[in-house]
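Chain IDs A, B, C and D follow the sequence of writing; residue 1 opens each chain.
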Amino acid sequence: MTEIRLLGICGSLRKASHNMTLLKTAQQLLPEGVSLHIADLTEVPFFNADVTTKPAAVVALLEAIQQADGLVFACPEYNYSIAPALKNALDWASREPDNRLLAGKAAAIMGAGGGMGTSRAQYHLRQVGVFLDLHFVNKPEVFVNAFSGVFAADGALQDEKIRANIQAQLIALQALVTQCKK
Amino acid sequence: MTEIRLLGICGSLRKASHNMTLLKTAQQLLPEGVSLHIADLTEVPFFNADVTTKPAAVVALLEAIQQADGLVFACPEYNYSIAPALKNALDWASREPDNRLLAGKAAAIMGAGGGMGTSRAQYHLRQVGVFLDLHFVNKPEVFVNAFSGVFAADGALQDEKIRANIQAQLIALQALVTQCKK
Amino acid sequence: MTEIRLLGICGSLRKASHNMTLLKTAQQLLPEGVSLHIADLTEVPFFNADVTTKPAAVVALLEAIQQADGLVFACPEYNYSIAPALKNALDWASREPDNRLLAGKAAAIMGAGGGMGTSRAQYHLRQVGVFLDLHFVNKPEVFVNAFSGVFAADGALQDEKIRANIQAQLIALQALVTQCKK
Amino acid sequence: MTEIRLLGICGSLRKASHNMTLLKTAQQLLPEGVSLHIADLTEVPFFNADVTTKPAAVVALLEAIQQADGLVFACPEYNYSIAPALKNALDWASREPDNRLLAGKAAAIMGAGGGMGTSRAQYHLRQVGVFLDLHFVNKPEVFVNAFSGVFAADGALQDEKIRANIQAQLIALQALVTQCKK
């Protein structure tokens, strides 16, 4: 059975990001045969069409996306839409010839934020995925209220219901990756 | 009669940006009593809650927004949503206490891009405005197809119909700023 | 001081609708000088451009909208978007010459539904309002979780926090109507 | 090779609907092994949870959806969102136990309308599909400007570019149906 390689992309750049915790929690909950690497966006600059030589951090990001069979977005919500660092990572990736890094790939979205769990941002991200030709897991959606005490003082996510939700989404993504590769 | 000061914010960072041209065109078409300053986003970094001292470019941006009575967004469309540099400018501005820089301000959106003139990105921006408590001009919307030959070789926008459209939007914004300040 | 007349439009047609309860609750919480009439959509058929004689229920709806200074939408969420009966009422109203029934009117949205309180539907409704030239109250938004026990067995809404939220929205709408009429 | 049965659902109820023409044009352009039946929404009433006995037109609609392997939506745009008759058909279908009529089905969207070809409505429909667990064709999208002369006086759609676009979408849908059934 072929290993499925997932790439996690987190829209928050702060060190103690709850959204990054979602990705790290996902790493503990992977189905057998699935791996999850997390991209490093800290040095990725804003996309600018005038920049003709890709910075090293962009090169590394694009290679990581190329090697991935599927994507897991940790999607914060800033002012009712997508965090710029996450959108920017996709904008860089979208500039490769024939959209070869993204076209037809399966993806899942999870997010931690206010009471609606970043849902508003997630629907914007799904619209972005239409142009990028991504295929998203529909169910389950993962909406985490970061202010409800589910994150421990040390940042860990121990809530069993949310962990089960993340695990179910990873299983759905595994199936969708398999389906999209056929 | 009080001068109305508008601030233009452009989501594209490239030098020959068509969206920046929209703002410069708007500067030629201002109603009497209205001025339009254009913000400089080139050095504004990604918002990161870990950064506690605002970089100089952010300080300058926030001061420019504070001094403005209304905002004009030049809104490119990247992959069916908002350009990160534009969203990021708003994310920085939104962090001031009580949303004092943005709450209740009037705004207008114009955009140049593919055949739909950045409309998909503009509707996402309008949703952002709900949280930021911006009041947008509804009509006219300004959607410019950048690939239809309306921009001359030197970048200038001479198309009379689009210029009239921009002018009508500025007049509507002037009225909305006046209304919102009452 | 001029009386402000509001019209409530509810997207749910069922008799014990929680969204209709929101409008009836709003009638108990009106600021002084504000009245709220509720439209009857039960006999309004689907809009069809082939129908050249307006049915009586449509005529009554359009008259009620014409007489209103502002609109209050009780917006259920069906399958992540707007209830057809609500959208259909607006589609009929939009067909009058020069959009004379709706252009420039102030409006507010409240909704009762699942855990996100119909937010997904409400943002779709706000996009509809761009074309209809409605001006929506930005804050407060009213999102009611109908499954959280806030509605009593007899359907009444006694939750003090939600009642205060509705009242604050009505005060904001009163101010916006006044502003839009200037 | 198994026949793939598609069901077309058109949001416009008028007899000479351009969107219905899109579906009839699609019937002329089907890939081998694919059939396309068109649903009749003319007698489908508004969904109302108080109605416990399904009207005959609803029963017929639900049976047609059940028998379909994939769906083709002809999606008009009314006031920047979905036509109520189309949304209403999906609302009825969504009420079956376990979402058994729709869960996991592949679908495509085409639309004829103003200059943006109903794109605003189509993105709302895609959000509806997240909850309904539909899998949409990403590319090609079909956006037809009904006012550009592509429809002949007798209503026929002869424009070769649009016909090729519809055909390409049907081929993509055929592939997606096959993929989703695995």
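List of remarks:
The rule is short, and it goes like this: a contact is a pair of C-beta atoms (placed from the backbone, for glycine too) under 8 Å apart; a residue touches a chain by one contact, two chains touch by 3 or more.
Given the structure is predicted, the values throughout are model-derived calculations rather than measurements.
Think of it this way: of A-B, B-C or B-D, only one pair shares over half of the A-D contact pairs by residue number, and it is B-C. Comparing the chain pairs C-D and A-C, the larger number of C-beta pairs in contact belongs to C-D.
Here the spacing of chain C and chain D, counted between their Cα centres, is 29 Å. The mean-CA centres of chain B and chain C are about 30 angstrom from one another, to the nearest whole unit. Between chain A and chain C, the centres computed from C-alpha atoms are 37 Å apart. Of all residues in chain C, those that touch two or more other chains are 120, 123, 127, 130-131.
Residues of chain C that touch chain D in their complex: 13-15, 46-50, 78-85, 87-88, 90-91, 94, 120, 124-125, 127-128, 130-132. For chain C in complex with chain A, the touching residues are 116, 119-120, 123. Interface residues of chain A facing chain D in the complex, by the touch rule stated above, are 123, 126-127, 129-131, 133-136, 138-139, 141, 179-180, 182.
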